[in-house]
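First, the structure itself, so that you have it in front of you.
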Amino acid sequence: MSTAAFKSYRPPVIEPSNEGELLEVAMGPHHPSTHGVFRMDVALDGEIVIKLKPVFGYLHRNHEKIAEKASYLASMPYTDRLDYFCSMTNNWAYAIAVEKLAGIEVPERAQYIRVITAELTRIQNHASAIGFLLQEMGASGTPLMYAFREREKILDIFEELSGSRMMCNYMRFGGCRVELPKDWLEKVAAIVDGLPRFIDEIEALLTGNEILMARTQGVGVLKPDLAVNAGITGPMLRATGVNYDIRKVDRYGIYDRFEFRVPLGDHGDIYDRYMVRVLEMRESVGILRQALKDVPAGPIVDPKQKVRGFRPKPGEAYGRIEGPKGELGFYLISDGSGNPYRYRVRPPSLINLTVLEDMCIGQNVADVVLTFGSVDIVLGEVDR
Amino acid sequence: MTPLAGFLIVAALVFAIGLAVALTRRNAIMVLIGIELMLNAANLNLIAFWRFSPHPEALTGMMFALFSIAVAAAEAAVGLGLVIAYHRHTKTTDLDAMPRMKG
Amino acid sequence: MNFQALTLPEKLDQLFVFVQHWIMGFFPAHWQPLVGALVGVVGIVASFPAIFALTTVLERKGLGRMQNRLGPNRVGPLGIFQPVADGIKSLTKEDIVPVSADGVVHFLAPVVLVVAIFLGYASLPIGRNMVLVNIDAGLLFFFAVGASTELSIFMAGWSSRNKYSLLGAMRAVAQMISYEVPLLMSAIVAVMMTGSLSTVKIVEAQSGFTGIFPHWYVFTPWGFAGFVLFVIAALAETNRTPFDLPEGESELVAGYFTEYSGFKFALFFLGEYLGMMSIAGFGITLFLGGWGAPFSFLNFIPSWAWFFLKLLAALCFFIWLRGTLPRLRQDQLMNFAWKFMLPMTLLNLMVAAAWRFLGDSATGAWLRWVLCAGVLLLAYVGLGRVLMRKQRLGARSYRYAE
Amino acid sequence: MLGEGIVKGLAETAKNFAGSFVSKERLTTVQYPEERVEPIENTRDFPFLVYDGSDPMAGLRCVACQICEKECPPKCIYITKSTDKKPDYVGKPQIYPARFDIDISVCMSCQICVEVCPFEAIKMDTEFELSTTDRFEGLILDREQLAKSNEYYNKIHPTEAAEVDARLAEEKAKVEAKAKAAAAAAAAKAAAPASGETTAKPAPQKDPAKEPGA
Amino acid sequence: MIFGLSIAFWITALFTVAGALAAALLKNLVHCALSLTVTFAGLAILFLQLDAQFAGFAQMLVYIGAVAILVVFAILLTRGAGAPEYRIYTSSWLAGIAIAAAVFALLAWSVITSLPAGAGSAAPDVTVLSIGQALMSTYVLPLEIVAVVLTVALIGAVIVAMHDKGDAKTHEQKGGAQ
């Protein structure tokens, strides 16, 4: 790693002390803490980070270009693979964009099911994000395993619904793909009833833990103004105290019908990110309870909608939702043909990752790993 | 040769090697290593003399050695601290370069 | 001692001692000490790695159970032959030495580690009359030998010529040196009370009973505090969670043994667990009555069985901690050592001295108990509060936006 | 604040440790080859071709219209149309796939082919134990390997298959009624009564309003 | 038994001297430090052979456990570990060797020609208890002085080796400002 590459990046914040040269370590692309193939070129003075340059793109799959060559429908399964932890919300964001583009109405029942699946996705994503964060902290996987235990139930429910655990490919333009299986809502209700107990368990294990506090409080601090300027969204933004939740801002879908609160942190550090995720899980349980109460009968998909030969009018649309990781948006331009003229994803993982250097400089290397873990990224979405 | 002489010869050898290290090596840390060797040789002498003295119950030599160990540890800490401080300013631990950097 | 004259529990208790004497009997008199020592060494070298093997299964199964999974269960009944499979695997794996590594030092590091740790067992009493060398300065011997493990860790990290290895080794060495101080200091209370550095005497001093309860040091305020401090320092000394950052895989891949594979890696693994067991063994010796039974009516069970049961319990505790806690950061670890552990151990020394001089008069017994416990508790709470506040740590409340 | 959090955490793991011996909830492992989870009806894996009757090649519903080949997102379907026509199950001459390969090493199980198929000819399998030692050829399934009977389809996806069968029967009845009305005199037509559902689907232009898997 | 000394003595002596020689001759500083450790260990064993248990263990604890590690740390901190220097001896190495040789010759000559000491009294029964009592009675003043020396050395070493405090602070503040 040459220093020239560093110079092209933002100016360093810390002057290295003049003792010896910097230790330059490439963390990744094969490193146990990088969640996949991701590299951080770190320059260390002792164990203090002087410079950090995230290097990504190892997992680039040309998603956007492929989508411009494929039909609108054929891009739907690809969105599953962006953030492979939350295929349901990815589907929804893409569906919202296309529905805006083509002016499609979504039936009531489908709206409810979308909310239910999205909130389940949010819970399992936040749970695993906490698990992975603790994994970085060296908790030998126990919280991760608890998170996966609950996630497994949610994924099983998704499989029953859509046929696949992670690559659900469930939403369609104007609704959802298939009708609910028998007793599905009852099963979801049973799982939702078990969730508070799980969240209590995670909290008992972690929230009061002195070691976790010592490791996370005051570490990886992100200031609200920088967060807003950098376009950070999701729990990371709310942990800095900025009240911005697209569910409240856009009230897309039918979120205006549900009572829920948006938890906000005051410090913007890793502990706040953790706690905001925990509290959001609790709110999501509340939303699920409300949504499950009154799922209306009716069609699950707009019956006028064609499967083949879908050609929206020329125009453009940007559809966005509050994904578990932040604002997930799809920007589409149609030229009237069967495939989008331009297709662009606004990946929350990537944009949240851009402030990694700002959060890490001046910290210990060990905290880099934690800060990186607390951003909660999926490299499938970062690199696309 | 008596047993005492054996120990003393070993101590003398180690002492001489330590002296040679301290006098000939260029690196300041190596000089400290040489000094440590000499101190250790002295300790061996002390212990050997204590053991083969007419009154080992008096513990004098042994005590001397123990105190010497303690003081040597302090010496090592301070000496190495000096070397590190010197290295921070001059980026070298080379003794040949030191006179030139006087001042 | 005549074997025939003993009762059955006593016979069982002294079984291994008599086996040793029986084997020694085959040799001429001036060979006997050597043979006896050899038999003891063979016994230790055979039994502790066996417990190590057992511990690895136990650890993996226990962790699995804590994490709602099964753990290894494919090799043999309940997976108990897993270590055999692991051993065969590590023996047959290619031994990779990095090109730029320092071959000799790279090879010597695991050997030195295992040898040094085995040496530590020499003064560990694993049963009544069962200690390899009953030397006067047994405890000092253990600490002296334990100090040389640090060097082997440095050797491993430095010779690998890998930044992660080196960082891991430096962390490990710095951590072990820092925690050696509280480890020694917390052990000294037991030495003070016994008036001897001999491990055998320390155990014997705790072997009495009041009613059915034993006179273990852990049942006194200073003993309890010393025990807790000893356990914390021992965790750090053996690089176990929550102090396992020298090998924290999320930061340093595998720390100082990143570049080790095959049998050398197995040696490191063995060394680490042997170190854990020896330090647990000394913790038991110092505070938990060594090979003594926990209740007087359980005295019929052989002393060595008690020792190994206690050892197993200690290992289970280590595993339990590993399953629960995340790890600290390097600077926090050091802060903890110097700002919390050291003052607490120093205070504990004073409390122990006070305990000794307050005397054991019938009227003053409960008074000194309350006094010592109160001082320690007060110091613990106060110091903990101050440290937490200084780091601005604490529970937080969160606001909601509607 | 002084270690209570750690003690609480320890209690939690201890609870889970003890719980794993008594409660299924706390021991979620399924020991795969010996134990299996209950198959979920909607599970989808890789596509297969449905055939009616007993002869796999003769009974294929696929008419090689190549819609799935076009729509397939990763483009893992390879179809060659036949040059000749062969009588399908009801005797109507139809083009059939001379070659129908699916490279399941590329396939991403997205079910788009199933959704776009107007003929209910391609469905999703639930078979997942497909590992082979041949890395390239072994994972390209040809039409012989892909062809599975309608009974099999009914077995793995009963609800969905029942709906499909009902729809097909309805359409077939419509066609038959039309045929009867058109050619009442020509009663020689052999409406083979063998199996309940037939492949007879009318014009290929027919636009199935909705994908069938509801 | 060679010259009235056990084989164990000769083996240990060999290791001790070989370690010292290696420390003197090896190019790589870390190798020198590791050989130095061998010498320390050998000396500790020699102490044990002289029935000075406590001193032997103290030697092990202090030298192998602390001084060797300190040396190694110092080598790494001064970046002396990687590249062996081109020329490891000073310009005046010949004089140094000569002086060392002369000193050894003198010592050896005096050892060999001096009168045999009252050799081989029975092993003294030195327990840790007696050492402790001696430390607390006869040697209490030296003990206290050593304690003071150690404390001063500790503080001195920290001050000498510490970063310039001003520098460190500005770094932290800059980091915090981020």
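Which chain is which? They are A, B, C, D and E, in the order written, and residues in each are numbered from 1.
Everything below uses one rule, namely that a contact is a pair of C-beta atoms (placed from the backbone, for glycine too) under 8 Å apart; a residue touches a chain by one contact, two chains touch by 3 or more.
Keep in mind the model is a prediction, meaning the values are calculated, not measured.
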Starting at chain D, fewest touch steps before arriving at chain E: 2
Chain located farthest away, centre of chain D as origin (C-alpha): B
Central chain (by mean CA position): C
Contact-richer chain pair (by C-beta pairs counted) among C-E and B-E: B-E
Length of the line joining the C-alpha centres of chain B and chain D, rounded to whole Å: 83
Inter-centroid spacing, chain D versus chain C (mean Cα positions, whole Å): 60
Distance between chain centroids, defined by C-alpha means - chain A, chain D (Å): 32
Chain A and chain C, separation of their C-alpha mean positions in angstrom: 44
Sites on chain B at which at least two other chains make contact: none
Chain E, residues touching no fewer than two other chains: 54, 58, 66, 73, 77
Junction residues of chain D, two or more chains touched: 1-3, 6, 9, 12-13, 16, 28
Chain A-facing residues of chain D, complex: 1-6, 8-9, 11-13, 16, 28, 40-44, 67, 71-73, 108-112, 115-116, 124, 159, 207-211, 213-214
Residues on chain B engaged by chain E in the complex (per definition of touch): 1-10, 12-27, 29-30, 32-34, 36-37, 40, 43-44, 47-54, 56-57, 59, 62-63, 65-67, 69-78, 80-85, 87, 93-96
Chain A - residues contacting chain C, complex: 23, 25, 31-33, 47, 134-142, 145-146, 149, 205, 207-215, 217-218, 243, 245, 248, 261-267, 271-272, 275-276, 279, 364-367, 369, 373
Sites on chain E touched by chain B in the complex: 3-5, 9, 13, 16-17, 20-21, 23-24, 29, 32-33, 36, 39-40, 43, 46-47, 50-52, 54-55, 58-59, 62-63, 66-67, 70-71, 73-75, 77-78, 80, 85, 87-93, 95-97, 99-101, 103-104, 107-108, 111-112, 116-121, 124-126, 130-131, 134-135, 138-139, 142, 146, 149-150, 152-154, 156-158, 160-161
Chain A contact footprint on chain C (complex, rising order): 63, 66-69, 163-164, 167, 241-242, 244-245, 248-251, 253, 322-332, 388, 391-396, 398-402
